[in-house]
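Letters A, B, C and D name the chains as they come in the text, with residue numbers starting at 1 for each one.
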Amino acid sequence: MTPFVADFLIPVGKIAAVILYPMLMVVVMIWLERRVVALMQGRLGPNRVGFQGILQPVADAVKLFFKENIMQRQADKFLFNISPVLVMFSSLLAFCFVPLGEPIRIGSYTLTLWIAESPVGLLIILGLSSISMFGVIFGGWASNSKYPLMGALRSVIQVLSYEIPVGLTVLTVAFIARSMDLVEIVRRQESSGVWYGFLMPVSFVVFWISSVAETNRAPFDLPEAESELVAGYHTEYSGMKFAYFYMAEYAHMVLVSSLVVILFFGGWLPPFPGVKALSFLHVVPGFVWYLVKIMFFLYLYVWIRATFPRYRFDSLIRLVWKWLIPLSLVNLLAVALVRYLL
Amino acid sequence: MPDTTADRPELRQAVDVLAGRFPGAVLSSAVEKEELAIRLRKEDLAAVLSFLKDELGFNALDDIIVLDNIRSSGDGGKRFTVLYQIYQFPGFVRLRLAVDVGENEALDSAVPVYRSADWAEREAFDMFGVRFEGHPGLRRIYMPDEFEGHPLRKDFPLGGRDGGA
Amino acid sequence: MTESLEKAPFLLARADTFITWAQKNSLWPFGSGLACCAIEMIATAAARYDIARFGMELFRASPRQADLFIVAGTVTNKMAPVIRRLWDQMPDPKWALAMGNCAIGGGPFPTYSVLQGVDKVIPVDVYVAGCPPTPQGLIHGLMTLQEKIARSHPTREILDPDARHNR
Amino acid sequence: MALREIDLNMGPQHPSTHGVLRLKLAVDNEVVLRVVPVIGYLHRGMEKLWENLTYTQVVPLTDRLDYIAALSNNLGYVLAVEKLAGIEVPRRARYIRIVLAELQRLASHLAGLGFMANDIGAMSVLLYGFEAREGVLDIFEEYCGARLTVHGIRIGGVPHDLDGALVARIRMVIDGIPKRLAEIRTLLDENRIWKGRTVGVGVIGAGDAVDYGLTGPSLRASGVPWDIRKDIPYSSYDEFDFDVPLGRNGDVYDRYFIRLEEITQSIRIVRQALDGLPAGEISAKVPRVLKVPPGEVFHTIEAPKGVLGFYVKSNGTDKPERVKMKSPSFINLQSLEHMCKGNLFSDVVGILGSLDIVLGEIDK
């Protein structure tokens, strides 16, 4: 392999992939959501554009691209412009640290399926997803309008509260895996022969609930609760800037689902990695297992949305401070104790 | 059709009690289409309403209806008639009180007695220009504040003053 | 500049086709219900008729994100300034559909308080008659609008902003 | 987090104000301090218009009042005029009216439940409700050609007869409704989020409810047994056997539950009416130009939203001197501030949804 390919083409290709892969997942997710919610409600959903309406998100994006960008006179122009970019950027950047599988060997060259590997990858991803919260706050505040402001306020309180159980449950995984490197965490699950989701169900449940809340999705979609706050923090956004918020939300969902799969469900490992009798499952490439698992969690998002009413603000906060945080603290202590004794 | 109001002894009694309690207040009373209607003197309205509610148990107000008599009252009658449709339950008796009021006169508000009279009186004010004294916030309810005229008066054209928008 | 565009060069024509394809397939209506017709509009979005098939089920609550203003119901004189303001808040390119006889011309209400046709305050692209129109009628109106969009030339408006007003 | 008081303007264009209602809210962070409804954005001048139309011409316009329950408005007005003109309606027509009115109540409650659930975030329920409602609208369409503004009740009787095919269809539709209701109830009844959003929210006690003039399901949710169909029966309702469901707490959950129960009762009434449909004429002899002798009448019926009253005053000509409508939503909406004060901002939309208002009949 020539140095040109190894040092230039492959990194560029990877950078393109890290943008394209989440975007592709977002397109699929938007389509999936609209179709699945529709089918759950006895409707058909988009089925006119492309095969079964798969091009619907593309049409939406192209249309939004050609829409006028409205900037109100009273808005804080800098923050108003920067916040959708901030949200989108932090979501995409986080994908740099999300591995898609084990390195592939092509001759003498080893192709890693991630852009950046860091011993603290998990922390960086959590940090980046917190940055996207700033986009929401700035956007809501800069709009200089009341509904976005209330949406932003709700978002701050909600995301700040739910970050705590997320952090605490991630710690339990780090304790068991003795690493914060996402690839290492998956490898540990392979060597220990059991997915951490089954080892630590409490951690998984708390992490999953808190993550749904952090992505502002139903039933925790208060910052953009349509029946109350019109469109929440992005009420005043139009055109491509709105599209950024819209896509970032879905990208965030893909990110969270990837994290759940890596942390608790063995990433690209087939089911029951330790059982010899099931070794034929290794025939299916790891990447496929990975995508199937992510799709399952994305589907859960949609299922929940079609089923549950929306939480009220006080019960949302009560849920996290009275239940999730104490639960995750106890869980952390228990895991630490077990880890210490074994 | 079951007869709900006519010839009910307790209703007759109510009219008599009312006439006895407020001498001169009851100008006339009639049962028409099985409904009892009592015409009252304007000044006694508030007192009669609270008496009916507190002591005779007419606990709810259906509606306040205004009639514009401009066509029929050329001979010195008053311009508007305000009807109070009240009822009691259990017992289910309906009663209609009628009060005549001139164009520049004000009526006592029924809001202190029946809370549901609030919007009904605002509607009467908006549509006819009948004023109610003691109402907590008598302003237009349907039409914009800057609207001129009172649309349900008989001399107001259907298409509006400017011949329709 | 305008003259040279009249013939619509090949590339621009392709671009027009592409943009209008996106626009007509992703008409997000503004969720604004005024009166009776709003119920039929919701019925059109509900299971039996389901305009989601056309990608139109994303009823946006904020005018900033909507493409299509379905004026569904009676517009009163008190509501007319609000309608105009909401229309102004919508970003270009945008379309308006007058649903029902009231929005078209006052309907059965020739009275002091009703605006005799919403086209007195906003420009209307498609009129759907009925009192209220059936969901089938509304869908027909939406498909008519799609055809109208397909015939439009968005690139001209992008290259020459004045063209938008001469549409 | 102390935030200064914010004035929030909800509407006249807002996703959950059920049309063009405007609420002026004062909120402290999320807590509601004041709610002032501003109405009139749909005021079409109906009452003025009616004075310029003949008695029969008014009927189709009543469809446009409470447009989710058009037939109930027809019935209310028509009964008032018939009482005033002394028209005796044949028994078969009265039964057909009851079938239509109860189907309309069913459709109205299904839509109302859907809107209420949608306001609280349970989007699917709206679509389930509307899908069930479509079945009822099919019946109306087959009966007289319209879906929403039906105009299916005329002065003197009804315009069309119920034939065997239509009766079979009605039976089929109402037999399918309980299954739909069960779907909705599975989603909501014991759902913790739903209960958290509805139980103990927007409470109004029986005393206050009567004082505010509340009627209909909202009043019965507070435990006051006041249903005109039972208490002042009109149009042969006294010949039917049905219950009046009552709530205990007067909160949003009870109002939701009452509507569910009333749907079941409506199905019962429709079944009885279809079983006992008497033979005979479907309309009394009414002159083409109806001139009503001078007089005045106030007649009330139990519409899906509450007590609907029509005051009609005639002057001997073919046009009414004055028609005044007492609309249930108009009165019910007044109690909104009482229910909302001190609750959270999110609850306002739920409470508003549970009141099941229709701007068409509020603004007239």
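Keep this in mind: contacts are C-beta pairs under 8 Å (C-beta built on N, C-alpha and C of every residue); 3 or more make two chains touch, one makes a residue touch a chain.
This structure is a prediction, so every number in the text was calculated from the model and none was measured.
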- Item | Both-way neighbours, i.e. chains that touch subunit D and touch subunit B | C
- Starting from the Cα centroid of subunit C, hunt down the chain whose centroid lies farthest away. B
- Note on the structure: Rounded to the nearest Å, the gap separating the Cα centres of subunit A and subunit B is 64
- Taking each chain's centre as the mean of its CA atoms, subunit C sits from subunit D at a distance in Å of 31
- Can you check how far apart subunit A and subunit D are, centre to centre, with Cα atoms defining each centre and the answer in Å? 45
- Between subunit B and subunit C, what is the gap in Å from one C-alpha centre to the other? 46
- For subunit A, residue numbers touching 2 or more other chains are 41-43, 226, 230
- Message: At least two partner chains per residue is the criterion; list those residues in subunit C.
- Response: 46-47, 61, 78, 110-114
- Item | Contacts with 2+ other chains: residues of subunit D | 14-15, 40, 43, 45, 48-49, 127, 131
- What kind of graph do the touching chains make: line, ring, star, complete, other? other
- Item | All touching chain pairs, where touch follows the definition stated at the start | A-C, A-D, B-C, B-D, C-D
- Residues on subunit D engaged by subunit B in the complex (per definition of touch): 39-40, 43, 45, 47-49, 52, 83-84, 210-213, 226, 231-234, 238, 295-298, 300, 307, 309, 311, 313, 321-322, 324, 326, 330-331, 334, 363-364
- Task: Would you mind writing out the residues of subunit A in touch with subunit D in their complex?
- Result: 37, 40-43, 146-147, 150, 153, 157, 218-219, 221-222, 225-228, 230, 305-315
- Query: If you look only at subunit B, which of its residues touch subunit C in the complex?
  - Reply: 142-144, 151, 156-161, 164-165
- Within the complex, subunit C is touched by subunit A residues 34, 38, 41-49, 53, 55-56, 58-63, 66-70, 226, 230-231, 234-239, 242
- Note on the structure: Within their complex, subunit C touches subunit D through residues 31-36, 38-40, 42-43, 46-48, 59, 61, 63, 73-74, 76, 78-79, 82, 86, 108-114, 131-132, 134
